[in-house]
Amino acid sequence: MSTSRLEAFADGVFAIAATLLILNVQTSGSPLGQALLNIWPSYVAYAVSFISIGIIWVNHHTVMNQIAHVDRRFLLLSVLFLMLIAFIPFPTRLLAEHIVAPEGAQAAALSYGATLTLTAILFNAIWRYAAHNRRLLKPNADARVVEGINRSYLPGPFIYFGATLVAFINPLASAGLYAAIAAFYVLESSLFSRR
Amino acid sequence: MSTSRLEAFADGVFAIAATLLILNVQTSGSPLGQALLNIWPSYVAYAVSFISIGIIWVNHHTVMNQIAHVDRRFLLLSVLFLMLIAFIPFPTRLLAEHIVAPEGAQAAALSYGATLTLTAILFNAIWRYAAHNRRLLKPNADARVVEGINRSYLPGPFIYFGATLVAFINPLASAGLYAAIAAFYVLESSLFSRR
Amino acid sequence: MSTSRLEAFADGVFAIAATLLILNVQTSGSPLGQALLNIWPSYVAYAVSFISIGIIWVNHHTVMNQIAHVDRRFLLLSVLFLMLIAFIPFPTRLLAEHIVAPEGAQAAALSYGATLTLTAILFNAIWRYAAHNRRLLKPNADARVVEGINRSYLPGPFIYFGATLVAFINPLASAGLYAAIAAFYVLESSLFSRR
Amino acid sequence: MSTSRLEAFADGVFAIAATLLILNVQTSGSPLGQALLNIWPSYVAYAVSFISIGIIWVNHHTVMNQIAHVDRRFLLLSVLFLMLIAFIPFPTRLLAEHIVAPEGAQAAALSYGATLTLTAILFNAIWRYAAHNRRLLKPNADARVVEGINRSYLPGPFIYFGATLVAFINPLASAGLYAAIAAFYVLESSLFSRR
């Protein structure tokens, strides 16, 4: 199978998962103005998850750009990876509804962190499966680029796992870290990227 | 990254955000015929938001047609822009449910206007980032076309911001202006466009 | 703008509108087995709308295959057309919930028919705008094919309008006609189509 | 019609149906931590359906890769097939909510199995329609590959029908078989696939 069919399916899942996040933003109670202010965690959770999915999408294309073809194992790893991407709206809603609620903040922060940690692990698994002995890479894939991707994606699971552990001490701090990770990637790309 | 991958992702978000709008159209109460008439603001809000997203989609392609390649900053700006596009269903529902309700019309009109104003600002930011010193433009991009896009997209944020401010005085008038803006773009294209 | 971008957006809206139909299939009450039998109108409505959207999608591509390029008016007509496609899940739910209910069958059948009639009108408008004086057609578009499309799409609005009018007398008969129209197109293609 | 348009539409339906599965994962009750543990069948059902859709998607492309062009009958068979794919989220929710509930486990397992059995039947119908006398196949389609597809897809309907029948004796065992079928395909591809 060519990579383009996988990219089309993956782009679909990324776009739908990101766009479905809006279904989690809901108000109740009145007056409406006050209700809209009260759900500020929903806006933050929406933005953090949308941007996180967006960053993973950008990185997914960096990976796919190095890949010449895909095999069935790679496809199935990709399905598992996309299964986690499509799962993100659920813990996002938990976080939005519970992070400042009297109850459930810890469980919400843990499930958000667990989802993102697993996503980062599978992202690394996809890349390493493809790059192992240059199994699926383009013949002309630059060794330094490959090495650079190796290095830049490796910390992801550890960073998210660390932020998840923080939820055992302080769920709000953990949620803040998830936002900070997304903000860091945006700022890093904005400030330091050379084209 | 080629522009085609970004276009595929953006097309997905545009299409999904527009199609999700229908989830906001809901009836309750009986008789059904009366209930269907009572929710006329839902139909208007659905149409205005669908057409507005459609117009932004058309304009987004006008922009992408001038662009030769994208860099990480442009991608992240695009993710932020699409985050606002995907947000539109939420204030659309607020407007549909509250604009003729005894309470919440002002808050609904303000949130709709704020979302569209921010969307228009980010649309300009994307274009200006790409066009600044012709950073991402195609080598053969026509200077007059570039200048024309510069000029035609600049008023957008101001028009939406103005319509938003009207909500402080009269929310229904503000909602009427959002509809009028969409209608204006449709009519302008229908009546005055050459080819 | 090339036709491929419009096709990608349209395919997205078609696919999403069709897939969202499943959100209308819902049970309540127990025992579950009985509840699942009771909602048989939901399955029929799901199938009729999915197949109708599928047929319109097939026909939309027949049209797009004859078209060389698109202009802004055609794009805006297409946005209005897709706005109606994306609206279909709403009257589908009305039909599913009310057609055998003690109340609302007529209003549900009328809104379903009105939506499909308007969709068929806009489908004809799109085609006729493109085909008028061969405005947007490919230079090599076969005159007999063009004439054939002209003839085969013209009855659509009248057929749906007629089925809609039946709802004033017998809503269930009207719903049966919507199903029969979809079944007719499937059978016609299955039995009579060459290649 | 070229196969690429059908693939784009099919990819959209596959991606949306898979991503909508997350809407079935919902909690209620407190404490949240306990509620999240209680809905473990939702996670299993989500994973099984997502992976099943993913496997069908992979196989659908294996089929499409052998096909040179499509006719109207093939398109309509594909619409019916996609109608079943898009239906999967509904029995998935039934299974998630009822498989360990005091009531409804059998009805849920039967509807899940019936949906997957019908999907497998239509998948075979699509392939056999295309492969019959090499009707729609590429001129250079390898006879052994065609024969291999014939053989490997044939058992699908029988396996799912068998697992469905088990629900009359033990619904939970039936649900376990659905999970086992998905796991088998993943493992088979992971362990035994060449290239």
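Lettered A, B, C and D in written order, each chain numbered from 1.
Here is the rule we use: a residue touches a chain if its C-beta (ideal position, glycine included) is under 8 Å from a C-beta of that chain, and two chains touch if they have at least 3 such contacts.
Please read all numbers here as calculations on a predicted model, not as lab measurements.
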(request) Provide the labels of all chains in contact with chain A and in contact with chain B. (result) none
(message) Applying the touch definition from the top, give me the chains sitting in contact with each of chain C and chain D.
(response) none
(message) chain B and chain C share one sequence, so how far apart are they rotationally when you fit their Cα atoms? Give it in degrees, rounded to a multiple of 5.
(response) 90
(request) Taking all residue numbers used at the chain A/chain D interface, answer same if over half belong to both copies and different if under half do. (result) different
(message) Counting only Cα atoms for the centres, state how far chain A is from chain D in Å.
(response) 26
(message) Using mean CA coordinates as chain centres, what's the gap between chain A and chain C in Å?
(response) 37
(request) Any chance you could list the residues of chain C touching two or more other chains? (result) 8, 12, 16, 20, 23
(message) Per the contact definition, I'd like the list of chain D residues that touch chain C in the complex.
(response) 1, 5, 8-9, 12-13, 16-17, 20, 23, 71-73, 75-76, 79-80, 82-83, 86-87, 89-90, 94, 98, 103-104, 106-108, 111
(request) Show which residues of chain C lie in contact with chain D when the two form their complex. (result) 7-8, 11-12, 14-16, 18-23, 25, 27, 30-33, 36, 46-47, 50-51, 54-55, 57-58, 61-62, 65, 186, 189-190, 193, 195
